[in-house]
Amino acid sequence: MILLSGRLSSAMLPAMTRLTDVLHLRVRYSETDQMGTFYNSRALEWFECGRSELMRRKLGMSYAALEERGAFLPLVEAHLEFRGPARYDDLLEVDSTVEVSGRARLRFEVQIHHAESRKPVVRGYTVHAFTDRRGKPIRPPAWFIERMSQAAGAPEMSKT
Amino acid sequence: MILLSGRLSSAMLPAMTRLTDVLHLRVRYSETDQMGTFYNSRALEWFECGRSELMRRKLGMSYAALEERGAFLPLVEAHLEFRGPARYDDLLEVDSTVEVSGRARLRFEVQIHHAESRKPVVRGYTVHAFTDRRGKPIRPPAWFIERMSQAAGAPEMSKT
Amino acid sequence: MILLSGRLSSAMLPAMTRLTDVLHLRVRYSETDQMGTFYNSRALEWFECGRSELMRRKLGMSYAALEERGAFLPLVEAHLEFRGPARYDDLLEVDSTVEVSGRARLRFEVQIHHAESRKPVVRGYTVHAFTDRRGKPIRPPAWFIERMSQAAGAPEMSKT
Amino acid sequence: MILLSGRLSSAMLPAMTRLTDVLHLRVRYSETDQMGTFYNSRALEWFECGRSELMRRKLGMSYAALEERGAFLPLVEAHLEFRGPARYDDLLEVDSTVEVSGRARLRFEVQIHHAESRKPVVRGYTVHAFTDRRGKPIRPPAWFIERMSQAAGAPEMSKT
C-alpha cells in the first residue's frame, strides 16, 4: 500500500484528489491597523478559516474531528502575496484548494479577493505536515487519504 | 487548615499577601486599529503580560510552572476602563497587583499608563478561578498560598 | 431639542430605543489558547462582531458608514463574565442589545452561548462614547438618534 | 541621481547597506493555540517587532517617525518556514536584517530561535513597498536611503 512506502508518490494518487471551497467573511475592526487596512498577519488567520470550512464541507470531516482522531496538521511553510487593500467590514471571498503534495504533506492554495468587485487582496499557500498529538511526524492516515479521494471523486458529496 | 475549609476567609490570610510588579512594553503595530490607537481587546493581552511577569518575578514561579503542576487560573471576570489613547511604538507601563480574594480566587488589579508622561491608558481588573487541567474548580493549592505569603512577607525575594 | 441640552435624559428617549440582533460565528483556531478553549480577549472581538452586525442589520447603517460621516464610537468601559468553555469550531450565538445610556453614550449588552446546547459562554457589556475623528467627545448626532428611534419603532425594518 | 531613475539598481548601492538587529521577546499566552505552541500568524507579528526595533535602534528613526514623514512600508510579500515549537513564556531571539532590494523595495530577513538552546523556531522574510499615506507607491525617499547608508557605515553614499 502506498501508505507503507513512507512517501506518497503523486503518481499513486488520482489527479482528482484536489478539493476546493469558497468562504465569505467580513473584515473585523480588530483586524485593521493604523494604516486603515487589515494587518498583514490576519491573512494567515483567514487562510485558516478557509481550510476549516473546506474540510468540514468538502471532506465531510472537520479539522476538529481530525485532531480528535489523533492527526494534527501544523504549518511547516507559508507564503503570502499582498495584492490590494481590504478595509473594515469589506466582504471578502476566500477560495481554497487542497491537495496532497509529494512528501506526505498537504498543500492549501488560497486566493482572497473582494466578493463583489473581485479585486485581489491576498494570494498564497500553506504547507502542512501530518503529526501526532505531540508533534511527531506521522504518515497521512489511510482513512484520511481515502476520505480525500472519495470527496474528490464523489462530487455529490460536495453538496452536503 | 484553611485549605480544608473549602473557602478562604480573607481574615485567615495575612493582609500582606499582595504582590505588585511593574512591566514596560511597547504598543505593537499589530495592536493598533484604524482609529489609530490600540484595539480594545489588546488591553486584556497586556493585563496577561503583567500577570506573567508578576508571577515570575515576585512569586518566584512562572505561570507556566504553575500549569505544569496542574493548577490553572482561567479568567472568570474582567473589567476595563479605557482612559486615554496609546499609539504604535508608545512605551507603556503596566502596574499589576495580585491578591487572593474571598472565594478562593485570585484578583489582579492593573493600571496602564504612558511610561514617561504618566498619562492614563487603561485601568481594570481580572478575577481568576483555580482549576485543574480539565477546568474543574479546585481549591488554591497549599504550596501556592504559601508561596504568595512568603513572597509578600519577604521583600528580599523580589530581588530574585 | 434634546441634543442641544448637552445631556440625553433617558426620559426624553422613548423606552423602545433598544435594538437587538443575533449573530452566529464559529470559534477560529487562532482564537484558542493552550488551555484548549478560546483566549479571553477574543470575547471582546466577538462583542465587536455583534455590534457591527447589529448596526448594519437593525440600524440600517454600518459602523463603517458611521465613521465615514465623522462619528466614532470608542470603548470607554467593558465588562466580561466568563461562564463556560467554547472550543475550536464550536458554533456560537452572539446576542447583542444596544441602547443610548444616560450620559450621551451607547451601551451594548452581549450574551454569548453555544448555538445548539444554549450553554453560556460569556456575558458582558461595552460602553461607548461619541467622538469625532480625532477622539474629541461629541454629542450623539441627531441623525443617529433619529435612526435609532426609527429602527426601534419600526420592527418591520428589522426584517431588512 | 539614482532616486530619479525610478528603480534602484542593487549595483548602485554598496553591498554594506545592510543593517542587523537582535530582539528578545517572550511568547505570550495569547499567542498560543490549542496545539500548545504559538499560533502560526504570531510569527508575522514577531517579525514586525523585529523590524520596529531594528529601525529604532539601528536606523536611528522609528517606523512611527517614518510614517509621520509620510512614508509607509506595507508588506507586499511574506514567507515563513516553521522549524520548531515555542511555548508560552519561552524566551525567543529575533534576528533581523534589512536591505534595499532591487525594485525599490525593502527586504527583511528574519530568524527566530530559542534564546538559550538556539533551537530554531521560524525563518522567513518580508518584502515591503514604499507608499504614501494613501497607499500609492513612491520611490524610497532620499533621506531614508541616506539614513540607511549612514547607519550601515557607508557615509560616502550620503553624498550621492
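Per-chain residue numbering starts at 1, and chain names A, B, C and D are given in the order in which the chains are listed.
Here is the rule we go by: contacts are C-beta pairs under 8 Å (C-beta built on N, C-alpha and C of every residue); 3 or more make two chains touch, one makes a residue touch a chain.
These numbers come from a predicted model, not from an experiment.
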Keeping to the contact definition above, tell me which chains border both chain B and chain D. A, C
In terms of residue numbering, is the interface formed by chain A and chain D classified as same (over half shared) or different (under half shared)? same
Pair joined by more contacting C-beta pairs (A-C or C-D): A-C
Greatest Cα-centre separation from chain D belongs to chain C
So how far apart, in whole Å, are chain A and chain D when each is placed at the average of its C-alpha atoms? 28
Chain A and chain C have mean C-alpha positions lying a whole-number Å distance apart equal to 32
How many Å are there between the centre of chain C and the centre of chain D, using C-alpha atoms for each centre? 37
Please list all residues of chain D that touch 2 or more other chains. 29-30, 41, 44-45, 48, 87-88
Residues of chain B touching chain A in their complex? 29-30, 32-34, 36-37, 39, 41, 87-88
Residues of chain D touching chain A in the complex: 35, 37, 40-45, 48, 72, 74-82, 85, 135
Which bits of chain D are touching chain B when the two form their complex? 26, 28-30, 44-45, 48-49, 52, 56, 62-64, 87-89
